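Structures are listed in the sections that come next.
Two complexes follow with chain A in common, the first pairing it with chain B and the second with chain C.
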Partner chain A sequence: MPLDSSIYTLSALRLDGRRWNELRRINGQISTQQAADGSSYFEMGNTKIVCTVNGPQEQKRGGGRDQSNEAKVEVEIGIAGFSGVDRKRRMRNDKRIQEMQYTISSAFQNTLFTHLYPHSTIAINLHVLSQDGSLLAACLNACTLALIDAGIPMSDYIAACTTGSMASYADKEDEADPLLDLNGLEEQELPFLTVGTSGGEDKVSVLIMETRVQMARLEAMISVGLDGCKQIRSILDGIVRAHGKKVLESKVS
Partner chain B sequence: MAPYTNIPLSPAELSYLHTSLSQQPPLRPDGRSPTQFRPLIAETDILPSANGSARICFADGTEAIVGVKAEVEKSRLAHTVPSNGEAAGQGVLGLGKGSARDVGDEMDVEGDESGGKGRDAWLEVAIEIPGMRDDDALPVFLSAMLTEALLADGGLKDRLWINSRFHWRLYIDILLHSQALSYPLPLLSLTTHLALLSTRLPALVSEKDEDPLFNDDWEASTYLYPPTTTTQHQKPPVTLLVMSVGATILFDPSKQELAVADSVLAISAAQSSTGELRMVALRTIDPPSRLTAAGVPNVLNTTTGATGAQTLSAADVLAMREKDQGQSVWRPPRGGVPRALVAKMIKMVVERGGVGEEVMEGLANVET
Partner chain C sequence: MPSEPLPPNPNREFILSALRQNTRLDSRALDAYRPISLRFPSDPDTYGQTDVRIGKTRVLCSISCDVGAPYPDRKFDGVFSITCELGPMGSPSWEIGRQDQTEIVLSRLLEKTVRRSGALDTESLCIVAGQKCFHLRADLHILDNDGNLLDTATLALVAALLHFKRPDVSVEGEEITVYDVREREPVKLTLTHTPFIITTSFYPSQHRSDHDLIAVLDTTLEEEQCRSGSLAISLNRHGEVCNLAKYGSCGLEGLSVLTAVNMALDKAKMFDRLVKERLDEDEKMRAEVFGRKGVDLSAENERVMERPVG
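Right, the complex of A and B next:
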């Protein structure tokens, strides 16, 4: 069993050598594809996501659709067959993928200044190249970077990460450490949630939990998650600033 | 295959392009020589969880990512193993040298009578283009073309043989990352070639026909296409797009150049174990130039003050256009391509020091 609790209590180190509050290696680049309006590449450990944004543009199938005064955010996620350990071709109408798409699009619908682009669509395309846990969180972060590259105004970054809880039954209260940024093996064994913040340290905009955990553990998990999101937000900001600096230097030298 | 039709060029521009490309030497819009390729970015081994992977970005912004995964599968029918093949396969076992891989190479050198242990079904190619369904015409056609080229010389599927009861099933997943701005076949083919060159399979430690057991150490894994330095080694095929304008032959055509092409061919070439390139597949592609609109000759053009449009009958107008034969204004190309020209195109790809060899050498030098 990968998370044999006895090893953890002895050394307080997880399988990959991290402590309970350490993030994995995070790496990101923006403007990776010239053909799209905005693009980004984001890695959270071994989870690698490529994101492209096309928009705001006119709706292709306009016709007689009821157009609101805001832009619509459409998200499509494609999980590549080679992304997991086993090769598995995933169909587009997988319920889990549809729910992730809806979560991401509603999160950005509220964060982007959609009132500036009425009757138009912002199309976000995500491709998962390799998955090793924190899929939804990495998707949200990659979308943030790509939308910034596309130049679409938003109120703040959406920074997301996952947290989990060490023990899942009642009588191990003292070992119930919350864990930050779970990898693939840990996600299969432990309860975890994805939390995304936007516009400040404790303004949660995304909170998804698919597993079950006791109520008493929830507060600790969320507070660790918020702290993790703060770290991720500063990493995302660093990526954007580094790119901006590079662009300026190439123009002004 | 529906050709790409989004060509925002007027008949005058098309005629200008056609004339400048028909010169000897041709004047390409970006100043390249006829066999010069546009710069591209290539990287391999980018995915930790795939057996092999590659990513290539072309200069026009199109990008493709290919991941290769392999799974052990039980062979459906026990196919007979020729006696010389079995003897040859008892070489050094396991631990650092993949014996099953060496069998594949020896098979090819001995000739065709001992080869052919592979099955076409062991290779699966899947193409994903965002915005298109999986059963749209373009992904289906492209995957059929790529599979045909990969299976044509038999070398790949023979390398997937483990023993008479088991074999490797190879899944090649191609992700065309950007919209299909120009015809994506050469991009996908080059990326697949690069991914196959970097594909590694676990080293076999079991013997003969027992259940396959592999070495856990990934460092001991063997390449699907082992890079030997002593002898020429076999390489996966590469498909190139070649177009002709009059008597001129151009490689790596841009979108503008394709819009005035007289003919477009997709030529797949593979390198055999002797180092020679052979053509393994050839397909003609309907050039998008056939869908362009013809220009209006001056005689019929009312804006130049000519009265031809009103005074001549429809039959006369048609006869006049036919006689013109596209000399004064642009006319979409008709008819086929001369055999000699096709032969010349093939020769330019497969000859020693030709374009095919240049492309393969370039890809072989991509560092991981």
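Right, the complex of A and C next:
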């Protein structure tokens, strides 16, 4: 069913009843798999991701090949066949997934304190159970939680979200409202970008946009995105602190 | 060699401290491109091949087309595929057949910029819906890597697409006739817009400081290996941004992104003008050659009658 964006300007509400600057329901849990070093389960609306982290561990192959004195972050994403609307078996070496893996690994390569673990690998495994938009953003957030659970020191959380622009490039300026946190249907129809921040409210760490948009719209989209990331960061922080409190209480009492 | 050797520390420090004083090793401005050379084949029968050089970085792009069946879920569209080949000629660390990170990033960005943004109108490649369409294939070969592969590769691809002419085709009922280039003049491709990629690299301005990253365009290989982050912007000369890619490197302020996009717009216009100029020159050259060829094809030869007969 194509998106009917005419109702947006009339009611100022989106298909799921949100306003332009509201995030979807976010739910996250830490330490969901005891066997892994770190794990998390993250939901952003209907996008559900399970993440496990194993590491830092010895490099799997090539003892002397890697001469860097930093840990390597390796990411693997598996998208379940039942995650989308149609059942589709995704091949592992799909270029799109490989690019996503590269984005996540280079994002964390810079925020994790990799110099503390030379010649080792931090392996991140992501499983997408359900996708309804904001896939990359949800993956980044899930990885942040799992890495914190694994106890790997990092300079800051990576909080990510998506923003989109209401109008197509032919419309007037005043009708082009930026939208925060797009769901799957909106992502297919509207131009959108994924922005991830780390180390400060204004510091963009990851920025991916694959759709065409007028230059003038970018400013609004990015600033709304940065604001959304701030909200997500405080949500992630809340999840971590709540878990920490629970662990402390169970140990103390 | 598994990976490209990084520049030694003194080189790295020198490049970074030079940038802090607004100079580069080859005395260019921070937003200046190296000399760009864009050449088309001199053979008048060959269309859709470009040889682009930005400084020492060299990319060859070749477009070819074939007739085949369209994808079953896209009956009205032709098929357009882009393949990049990174071989040892370009850099000693590249091996054929082994997928490097560079190759993945390069081919994905090219696909997103040219294919996903709809630059090439694939509907125009359709001959008979659901049965026959043109399969357009773009092959890029990186012949030499001296930094800024993305810009060079996109320039080569877009120029080749603008230059390429596909065979003319006519459909009568069920019969499809594909004319040879010698029977009927081949037809240009329809491009809805011409996107270019401009890569902006960022360098720290002070030791260990995140403030005020220095933005540099068109980096050489050595400069690229010292950078702390980069942002690839794909846009066309109308200011429509098709793609933004910042793959998680140094933290960049939101404002710097917008500044970079504005800088990129000027460069996109520059690329656009350059491509148009070269295409016009090539057209003129071909018209002359073709004109002469047309005369050659006729039965009557040019005879110079100077001496009277008899």
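Everything that follows uses one rule, which is that the second predicted complex is superposed on the first by the 246 of 253 C-alpha atoms of A that agree within 3 Å, B and C clash if a C-alpha of one lies under 4 Å from a C-alpha of the other, contacts with A are read in each partner's own complex, and residues count from 1 in each chain.
By our rule, a contact is a pair of C-beta atoms (placed from the backbone, for glycine too) under 8 Å apart; a residue touches a chain by one contact, two chains touch by 3 or more.
The structure displayed is predicted, hence computed values, not measured ones.
Chemist: Kindly say whether there is room for both chain B and chain C on chain A in the superposition, answering fit or clash.
Modeler: fit
Chemist: Tell me the contact category for A:V50 with respect to chain B and chain C: first, second, both or neither.
Modeler: first
Chemist: Would you check which partner chain A:I222 touches, where first means chain B only, second means chain C only, and both and neither mean what they say?
Modeler: Second partner only, chain C.
Chemist: State whether A:Q33 touches chain B only (first), chain C only (second), both chains, or neither.
Modeler: It touches chain B, and chain C stays clear.
Chemist: Angle at chain A between chain B and chain C: what is it in degrees to the nearest 10, using CA centres?
Modeler: Taking the centre of chain A as apex, the angle works out to 110 degrees.
Chemist: I want to verify the contact counts: of chain B and chain C, which reaches more residues of chain A?
Modeler: On the superposition, C touches more of the residues of chain A.
Chemist: First (chain B), second (chain C), both or neither: which does A:S83 touch?
Modeler: A:S83 sits against chain B, while chain C stays out of touch.
Chemist: A:L129 in the overlay: touching chain B, chain C, both, or neither? Say first, second, both or neither.
Modeler: first
Chemist: Closest Cα approach between chain B and chain C after superposing, in Å?
Modeler: 17 Å.
Chemist: Of all the chain A residues, which ones make contact with chain B and with chain C?
Modeler: Looking at chain A, the two contact sets are disjoint.
Chemist: For the complex, give me every residue of chain C touching chain A.
Modeler: My answer: residues 2, 99, 101, 104-105, 107-108, 111-112, 116-118, 210, 231, 235, 239-255, 257-258, 261-262, 265.
Chemist: Can you check the complex and tell me which residues of chain A touch chain C?
Modeler: 65, 95-96, 98-99, 102-110, 158, 169, 193, 196-200, 202-216, 218-219, 222-223, 226
Chemist: In the complex formed with chain A, which residues of chain B make contact?
Modeler: Residues 46-50, 53, 57, 60-63, 65, 67-69, 71, 126, 128, 130, 171, 173, 175, 177-179, 181 of chain B touch chain A in their complex.
Chemist: Could you pull out which chain A residues touch chain B in their complex?
Modeler: Contact set of chain A toward chain B: 33-36, 46, 48, 50, 52, 76, 78, 80-87, 89, 125, 127, 129-130, 132.
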